[in-house]
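Below, each structure is written out as C-alpha cells.
Each of the two complexes below includes chain A, the first together with chain B, the second together with chain C.
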Partner chain A sequence: MTAVSESQEAVSAAAPEHLAAAQLRRRSAWRAYELVLWLVAVALIFLLPSKALLLTEIAIVALFAVSLDLILGYAGIVSLGHGAFFGLGAYVAGLFARHYFTEPVTGLLVAGLASGIFGFAASFLVLRGSDLTRLMTTLGIALMLAELANQMAWLTGGADGLGGFTIGPILGLFEFDLWGRTGYIYSLAVLFLAMLIARRLVHAPFGLSLKAIKANRVRAAMVGVPANSRIVVIYTIAAVYAGFAGALLTQTTSFVSPDVLAFHRSADVLLVLVIGGVGYLYGGIIGAIVFTLLRDWLSVITPQYWMFWIGLVLVVIVLIGRENLARWHTFLPAPVQRVFKRAASWRPGVKLGGGG
Partner chain B sequence: MLTILFDGVAYGMLLFIIAVGLAITLGLMNFINLAHGAFAMAGGYITVVLMNRYGVSFYLCLPIAFLVVAALGALLEGTLYRRLYSAPHLDQVLFSVGLVFMSVAAVHYLMGGQQQLIHLPPELNGRTEIFGIGVGRYRLFITAVCAVLVVALQLVLAKTRFGSQLRAAVDDGRVARGLGINVSAVFALTFAFGSGLAGLGGAMGAEILGLDPNFPLKFMVYFLIVVTVGGTSSMTGPFLAALLLGIADVAGKYYFPQIGAFVIYGVMVIMLVLRPHGLFSREGAR
Partner chain C sequence: MITRRSFVAASAGLAMSALAAIPGHAQETVKVGLILPMTGPFASTGRQVEAGVRTYMAMHGDTVAGKKIELVVRDDASTADQTRRIAQELVVNEGVNVLGGFGLTPLALAVAPVINQAKIPAVVMAAATSSITEQSDYYVRSSFTLPQASVPVGTWAAENGLKRVVTLVSDYGPGIDAETWFTKEFTAKGGEIVEAVRVPLQNPDFAPYLQRVRDADPDAIFVFLPSGVGSLFMKQFADRGLAEAGIKLIATGDVTDDDLLNDMGQPALGAITGHHYSAAHDSPENKAYVEAFKSAHNGMRPNFMSVGGYDGMHLIYAALEKTGGDATGEALIEAMKGLSWTSPRGPITIDPQTRDIVQNIYMREVKEADGELYNVEFATYEAVKDPAKAEASGQ
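Showing the complex of A and B:
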C-alpha cells in the first residue's frame, strides 16, 4: 500500500489535471495478462499449425465480441441485432471481392466502411426508449437485413449463399494457404490493431464518459457529457468492428452463407461476451476462446444438439450471477488469490510488491 | 378479399391468445421473456402427441394443453423466473434465450425436426358460406374461441377480485404487499395462466402457424411486436395490434410475397422509433 499512497500524495500536490492525466495513464497501462495473451496467440502460429482454422474462428468471434462490448459494456446498449453489422460486412466483402477487387485489406476496409455507414444511420434509432425498445429495434433491423439478403437472390445468392470468388494475396504479397495459417495471422493482426485502437478509446476520457452515460444518463448530461453524440460515435465504431469481423469470415472462408445474418449470431455473441465478462474488452477474447472450444467439443459429442448445451450454459450463467462469475478468483484459497493479484497488478516498468 | 381479411382476423386472434401472457410478463411485470413462444410450442406438441399417438379427441386436447402448459409455467416460474424479476434486462434476455435454445434442441431430440401435422375433426374441415363469403370452418372456430377468451379475460381483469389484486400488484408491488395482497402468489398464478393460454394458442395454431422445433425462434418477433406495438396499459392495445399484425401479415404474404416480412419488420422499427411506448398507450404509462 505504501507505494500507492506515496505516489498519490506526490500527484495530489500537483494540479488536478495532472492528477487526472496520471490516473488515466495508470488505468491504460499494459497488464501482464494482456502481454501473455498476445504472446501465446503469436506462439500458436508455430505451435498448433494444424488448428489454424479453429484459431482463425476464435480471432473472428473475438473481434465481433469486442465490438459488442464497446456498445454493451461501455455504453450500456443491450442489442439483440448486432449480427446485422457482422452479416453486412460479410456480404460487402464477398461482393467486393467478386465484382471489383480481390485484395483482402481493401475489401476489409470497404466492408468496415459500409458497416460503419449503416451503423451510423442505425445509431439514431437506439438513442431513445427503454431497454426493451432498443432490443426490439436492433432485432428488427437485423431481421430486415436477413430478409433482404434472402430476397435479393440476384445479388446475394439467396439461400444458397454467395460463392464463386477467390481472395487474392494480402497486400499482393501473402497467399492464403490451404491450412489457414495465413488466414490466422491475418485475422490475428486485424484483431490486434483493432484492440489497440479500442484500448486507446476506452481508456481515454471518451471511454470514461461512456461509462458515465451507462451508469446514469441524466447525471452524465449534467456534468456536460453529450450522451447522444457519444452513443452515435461508439455505435458507429462498433459497427465498423463488427463489419471487419464479418469481412474476415468471408475472406478466410471464401464463402458467404445467409447464416451470417441469422438470429443465433446475435445471441451467440452475447453469450461469448457474457462468458468472458462485460466491460473490459478482453472479455470478448476470453469468451471467444471458451465459447469456440466449447462449441467445437460439443458438436463433436452431439452434432445436432449442441444448441441445448449452449442454452444450458446461458441459463446457468444467469442463475449463478454474472458478477459472481467475474470475481471467480475470490472463491479460490487465499494463497492462490495473492499470486493472481500480484500477476494482475504487475505491469512493465513498475516495481513488484507495490500491491494494490 | 374478404376471405383474406377473415383469415387475417383468425390469425391475429391466435397471435393475441399466445401473446397475451407475454403482455403481462413483459409489459406489467417488466420481465423480458423471449422464451414465451416455447410455451406455445409445448402446447402444440402436447396436442400432436395426444392426438396422433393416443387418439385423444381434438376438443379434449385443447384444455389438456392449457392445463399442462400452465403447470409447466407455474413450475418454471417458481424455480427459475421468480429469481430474475429484479435482475437487469440483459440477464433476463440471456436467460430466456438460453431457455429457447434448450427447448428447440430438446424438441428436436424428442420429436425430430420435421413439420408436425394434426388431423382436425371432420366437422372443422372445409369451408362454409356466411353472407356470401367463403370462410374456413376451422378459422371460424378459432375466431369464436378466441373472442370468448378475450371477453372473459377482460371481465376477469376488470370485474373480479383477482383482477383488482393483479392490477394493484402491478401498479405498486410494495403498497399491494402492504395491503395484504400476496403479490408473488398473484404473479405466479398470472404467469401460469399466461403460459397456459400460450399453450392453448399453440395447440390451436399448430394447423395454421405450422409446428416444428424452430417455432419459438420463428414467432418470437411476432409476439414481441404484438406487445411492444400494442403497449401494455390495457388489453385492448395488444388485441388491436395482434389483429392488425395478423391482417397485415396474411395480406402481405398474399399480395406481396416478395417483401411481406420485410414490410412488417420495417413498420415495427419505425413504430418503435416514433412511439416507444406503443401505439395505444397513454403518455407516461409504465
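Showing the complex of A and C:
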C-alpha cells in the first residue's frame, strides 16, 4: 500500500509534465464508438449502395457541423451565420471548376483556402462584443454574402444559380457516377481526414486552452492563454472546414444555387449540433445522421407536413433533455449496461474484460 | 404460302420482338417522379402543380397505352441540392421514366446533369426563366416563360395609347427578364420608360417605391412580382392613391394569381394583366377542368401553376400514346417534340426545335362576377413563342 503511493509520488515528483502528457494521450485515444462509427460508414459503401446520395449528404452536413462545433463547442463562439463560409466554399468550388480546373481535390483546397481567408478576416469581428453581438455580426456577414451572390449575377448566375460545369474525375482517376458511390467515398474520405486533424487539434494543449477560453475568457487570459489569437486561429480553421463542406456539396451536385448562403443553412447546422451535442466533435456527426435521416424519412411519408413532425421531434428532444438521450444506456437493465460499459471503455491495445 | 425463308424471317422477328418485350414486360408501370416545393415559401406552387397533375389523372385515368402510370411525389423545400439529390434517387432507386415539377428556376437547372446522364425527360411545370430548356436536351416545358408573358403586355400598352410607363419588378432573375422584355417591346413600339424600379425580393415594402412612381406621374405602371406578394402590392397601390392619380396598373398574370385574387379584394379591380391562363377562360375544356379541380380540392381555384401540372401530365400521356408505351427517355422526348393539343388554357404546342411551349397570351382585366374576382380575358395574342429564343434563332 505505502509502496504504491510512494512510487506514484515519485513519478509525479519526477516529471509532472510527463503525467500531463500521459493524460492528454489518454484523452486523445480512440474510443470504441469512434471505431465502430467509421467502420460502419465504410461498410455502408457496400451494404447500402442505393442510399449513397443520402449518405453523401450526411457526410457533408456532418463536416459542416463539426466545423461549427470547433468554434461553438470548444471556443464558445455562438454563430448564426456559419453558412457564409459554407456558401463561399460552394461558390468558389463552382467557379473554379467552371473557369479553371475541374479536378475536385484541387477545387476543394482552393475553396477551403478562400473560406479560410474570409474567415480570418471575419474573425476580428467576432473578437468584439458579447454573445448577442456575435449572433448579429455573424448573421449580418452571412446575409451580406447572400445578397452579394444574388446581385453579382455576371459572376454567380444570380437567382438562377451557377451551373453548366462538370466536375472531372477525382485526381484524374475516379469518375463521379449516377449512383453517387464515388461522391460518398470522396466525401467520407474528406470528413475522415478533417476529423483526424480536428481530433489532434482539440486534444492538444491548443484545444484545452480553447476550452479554458470558453469557460472564462478573463481567467484564461490571466493564466497566460492569448485568447484573441487562439480565437482567430480556431475561427479560421472552422471557416476552412465549412468551405470544404460547401465545396463537397458543389462537387457532388455540380450545381450551386444561391440557397447555399440562405439563412436556413446556418440555422439547420446549429440544430444539428443541438441534436448531437456540442464540445466532443462527434456531436456534429451524430446530429447530422439523426437530422438528415429524420428529414428524409418524414418527407417521404408526408411531403406536405414533414416539417411539423420534425418540429415535434425536436421539441420532444429538448423536453427529454439531450443529456438523457446521450445517457440512454443508463436506462437499460444492469447486466446489459455492464456489457456496454466494457465495450465503451475498450481501446486498441487494452485487453477487454480486465478489472470488472 | 409460307416459304422457308419467310418462316425463318418471321420467327426471327418474333424472337426479336419477344426479346425487346422482356424489359418492357417487366415494366408494366411507367413511373413519373414529381419534385415540388411542398413546404416553405413556395409551397403554394407545389400544392397547385400537384393538384393539377392529380386532376389530370382523375379525369383521364391512370392507364395509357397499356401502361399504368405511377406518381411519386417528393418535397424539395425549394432547395436546389435537395432537388438534385431527390432526382438522382428517383432515377437510380425508384427507376422513374420521367421527372416533372420544378417550382423555381435553380431547382430545374440543378437536375440538368442527372437527366443528361440518365437520358430521361424532365417536364418543367412551373419554373419560368427562358434559358432552362437550353441547358439540356431533355427539358420540356409545360408552363410559360416570362418574356413570353411580358412582350404581349408591352405590345398592348403601346397599341392602347399608353406613352409613359414606369416599370416595377422584383430584383431577381425573372423580374429582370420581365423588365427587359417589356421595355424592349414597349420602346420599340414608340413608348417611353420613365423609370425602372427594382424592389428587393425579401420582405418587400412597396410604399416608398410607389411614392416615387407617383411623383414620376406616368400613364401606367408595369409590374412583375412573384405570385404571393401581389396582394400586399395591390393594397399599397390603393393606399397610395395611384389609381385616383390616373395611373393604370398593367402586369404579368403572376400578380393577379387566381389562387389569391379573391383575397386581394377591391383594390385589384381593373388591373390589366397578360398571361397564358385564367380560371375564367371561356372554353368547354376549361369548364370541365375547373369543375373537376374544385370538387377534388375543397373548392380551391386552379391557377396558372396548376395548369402547368395538368398539361405536363397530358404531355407525358400523349407522348406514351405516340410511342405505343415505349417509356425509354429518348423515345419519350422525341415523341414530345411538336405535340399539339387543346388545353384548358387554349391551343398549345411544344416547339420541336426548342422544346419550349408555344401558346396564346391573353390580355385580361380583373372584374367581379358572382361575388368573386376573376381575370376576364378581352384580347388574345395567338401562338406566342418564347421571344428570347425566337430572337436568338433570328426570327
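Keep in mind that, in the parts below, the second predicted complex is superposed on the first by the 305 of 356 C-alpha atoms of A that agree within 3 Å, B and C clash if a C-alpha of one lies under 4 Å from a C-alpha of the other, contacts with A are read in each partner's own complex, and residues count from 1 in each chain.
One rule holds for everything that comes next: contacts are C-beta pairs under 8 Å (C-beta built on N, C-alpha and C of every residue); 3 or more make two chains touch, one makes a residue touch a chain.
The model shown is predicted, which means the values in this text are computed figures rather than measured ones.
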Once the shared chain is lined up, is A:Glu34 touching chain B (first), chain C (second), both, or neither of them? neither
Check the residue A:Thr166 against both partner chains and state whether it touches chain B (first), chain C (second), both, or neither. second
With both complexes superposed on chain A, which partner does A:Gln304 reach: first (chain B), second (chain C), both or neither? both
Just checking: does A:Leu54 make contact with chain B only, chain C only, both, or neither of them? Give me first, second, both or neither. second
Give one of first, second, both or neither to describe whether A:Met136 is in contact with chain B, with chain C, with both, or with none. first
If you stack the two complexes on chain A, which partner ends up touching A:Leu319: first (chain B), second (chain C), both, or neither? first
For A:Glu103, using the defined touch cut-off, is the partner it touches chain B, chain C, both, or neither? Pick first, second, both or neither. neither
Quick check on the output: what are the common chain A residues between the chain B footprint and the chain C footprint? 304, 306-307
Complex contact set, residues of chain C against chain A: 36, 38-39, 43, 47, 73-75, 77-81, 84-85, 88-89, 91-93, 105-107, 109-110, 112-114, 117-118, 129, 131, 135, 171-174, 176, 201
Touching chain C in the complex, chain A uses residues 50, 53-54, 57, 150, 153, 158-161, 163-164, 166, 178-180, 249, 253-260, 299-300, 303-304, 306-307
Using the touch definition up top, name the residues of chain A that touch chain B in the complex. 72, 78, 80, 125, 128-133, 135-137, 139-141, 143-144, 147-148, 151, 263-264, 267, 270-271, 274, 278, 304-308, 310-315, 317-319, 322
Would you pull the chain B residues touching chain A in the complex into a rising list? 26, 32, 80, 83-84, 87, 89-91, 93-95, 97-106, 108-109, 217, 221, 224-225, 228, 258-259, 261-262, 265-266, 268-269, 272-273, 276
